[in-house]
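Before any comments, here is the structure.
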Amino acid sequence: MSRLTGLLWQAILPAALIAGYQFWAVRAHNPYFPPLGAIAREFRATWLGPGFTEHVLPSLWNLVRGYLIGLLAGVAGGVLLGRVRVLRDLLGPLVGFFLTLPAVALLPIFVIALGIGATMQVGVIVFSVFFVVLVNTTAGMRAVDAALIDVGRAYRIGPLRRLFLLLLPAAAPYIVAAARTALSIAVLVMVVSEMVGAPYGIGAVTLLAQQEFQYARMWAGMVLLALLGYSLNAAFALVERFTVGRWGMVATTGEGRS
Amino acid sequence: MSDTLVSVEHLTKFYGDHLAVDGVTFGVRTGEMVSIVGPSGAGKTTALRIVAGLLEPTSGSVTIGGVRVTGPPPDVAVVFQDYSRSLLPWLTVLGNVTLPLRAKGLSRTAARTAALDALAAVGLDGTARRRPRELSGGMQQRVAIARALAYRPKLLVMDEPFASVDAQTRMDLEDLILPLRQEYAVTIMLVTHDIDEAVYLSDRIVVLSPAPSTVLRVIDVDLPLPRSQTATKELPGFARLRHEVLDLVRARTD
Amino acid sequence: MIRRAVLPALGIAGAAGLWESATRSGLVAPTDVPTLTSTVTALGDLLGSVPFWVAIGDTVRSWALGLVASAAVAIPLGLAIGASERAWRFVRIPVEALRPIPPIVILPLALLILHGGITFKIMLIMQGALWPLLIQTSYGVRDIDRVVLDTARSYRLGWWRRVVFVRLPAALPIVASALKLAAASAFAVALVTELIGGAPGLGQLLVVAAGGNDLPRVYALTLVAGLFGLLVAAAFGALQRRVAQTR
């Protein structure tokens, strides 16, 4: 089977679903399920006009900030916990607790401490990303092949080179897998954090549209969020392919959370 | 030629209650190639790791060039058994060879030149930009050897370096090492379980007993240089030495 | 050996001490973070109150039903899809496309149609748990050693026996680890439906307590959520280890 026919074959189901929806929606006149045209018009009006700078960009900016801070802090903490056994023993139960505590459950606490706004939203995203990355980086550091450690020692590779050229790449399958999991969690947390009374953002607009019976706009929001989740995940698959994939390593899923 | 580079004295190593190495003493002279053989489970690799400074002995000492080994010494390079684990898959071939040189303080260009020379010496011209996993097993082990040679060590320590490649590649690698000894003026300590290999490559052979390991005998290999896979191995001297080592190794395992 | 037991306890004690002293000394304002002691008191009150246990029941019921429903659909379907080259090609892309869509996406619509009842919660949990489980199960089924499959073929085992006795056991470790992730995500989504959708449960109590500015109660409820998460992780971790052992 050629690549093209393979692609066509895979496109049948989604195309049929979308066509079926449109066929049904045009006839059903159900206000909850507007036809595609109406959703597309609303999508353009809501997200691609002034809404882009008012809602889409702030949402993404919070996501990017929170994600990157959480990721970097998580990797740094994971390196520390992976190398220092006393710290690992000391903080083990606490880290375990925060790993399994769903980040969304912390929203009330963050709202009380920081109020509704960007700081609170970024804070929750940081939290949701940090512990997944922390735990998996620790596991990755612990799993570095003893042979590589020997190479580092035998050739007297200094601490900085050892960390950046040896230990971190060796732990990369764990870190990359965690970063991918963390990204999808961060998207969820971003949206939820906007639904607890934020005046702007993709999540806020979408939930408000539902409450105001603007169903086409609600659908436009759902489509945008779905596209966002999908494309971020696809972008990450590329990152994976050009790092661990290229080195012939396989991303390892360790501990996860939501 | 006859001054001692490495001296191993009364080396003893316990792993918990298990006595792996029991008072091993031997020396390696400058420019010499010494093999350490023994049945599997003998403390060959343990002894080698102590010499390379990767492991602390329980008692006894190793001195290299008169300096007591307390950690990995600066003029020792190691070739590990498993090339697939000892090369860094995220670096290019060149990156793998230059990493220790850069860590040693060589400039980027100096490291690069030394690395390319060493790669050429092991017959790997033109592979500098490739990644280890794009190469065959034998070529990967050549990269590991180039990494060790480029480091310009006084002592090259090799732990079963040819155990993970096929028989043909193994002979090629053995014949690669012999001339490189002269070219890089390096003293070599080789751990192997292959008796033919030990006899073929070495100037002397240290035969260890099963654990707790002691030195059973140190055998001088008086075969003429240069050696060849066909001519040397057909010499009566080769067969005699092979016989002697094999008897020692087997008598103790039965 | 002692260190392994003492240090973790010391870590917990240290964190507790830090919390208590920071809030008592006024380093952290009592309007921001309650003291540990008042949180513990609030937790005690909660444990003795009926609405709390009703809420726990609501959360756990929707979590369990959502998870079971996801597994009941995803595992058999994943087996069938993974075992057939044609089915795999047909559904892989759409399912892979659905997987990264956060479950929160369908919340507005589901809320509209299902009015925040338990069906609504289960629907959302399933959007979070079903697709990863389905994908992982089919991957697990496909990941089987060629030789094992050829052996089964050469003994002329039928399709049904091949799936149940050869492919399913081979996929189990992956399924178990996917289940562990799904269990955690199902709990988080259950909380979301309660926090945002107003469905009854632990999340709703949390919203009410936060609305009343009852800080010790908010912290006590968050603590409960964390402990439940820990329990879920431990239980499914044990399951995962058990499955790994049988191999």
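Chains: A, B and C, in written order; residue numbering restarts at 1 for each.
In the analysis below, contacts are C-beta pairs under 8 Å (C-beta built on N, C-alpha and C of every residue); 3 or more make two chains touch, one makes a residue touch a chain.
Owing to the predicted nature of the structure, the values given are computational and were not obtained by experimental measurement.
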| item | value |
| --- | --- |
| Greatest separation from chain B - chain, by CA centre | C |
| Two chains sharing the most C-beta contacts | A-C |
| Chain B and chain C: spacing of chain centres that average the CA atoms, whole Å | 52 |
| Separation of mean Cα positions, chain C and chain A [Å, integer] | 17 |
| Whole-Å separation of chain centres (CA-atom averages), chain A against chain B | 48 |
| Per-residue overlap in chain A, given as positions that touch at least 2 other chains | none |
| Shared interface positions of chain C, touching two or more other chains | none |
| Complex contacts: residues of chain A adjacent to chain B | 145, 147-148, 150-151, 153-158, 161, 165-166, 169-170, 172, 243, 246-249 |
| Chain A contact footprint on chain B (complex, rising order) | 52-54, 71-72, 74, 76-78, 80, 82, 85-86, 88-91, 99-100, 102-104, 131, 133, 147, 151 |
| For the chain C and chain A complex, residues of the former touching the latter | 3-4, 7-8, 10-12, 14-15, 32-33, 89-94, 97, 99-109, 111-113, 128, 177, 180-181, 184-185, 187-189, 191-192, 195-196, 203, 206-207, 209-210, 213, 215, 218-219, 222, 225-227, 229-230, 232-233 |
| List of chain A residues in touch with chain C within their complex | 6, 9-14, 17, 32, 86, 89-94, 96-109, 111-113, 184, 187-188, 191-192, 195-196, 203, 206-207, 209-210, 215, 218-219, 221-222, 225-226, 229-230, 232-234, 253, 256-258 |
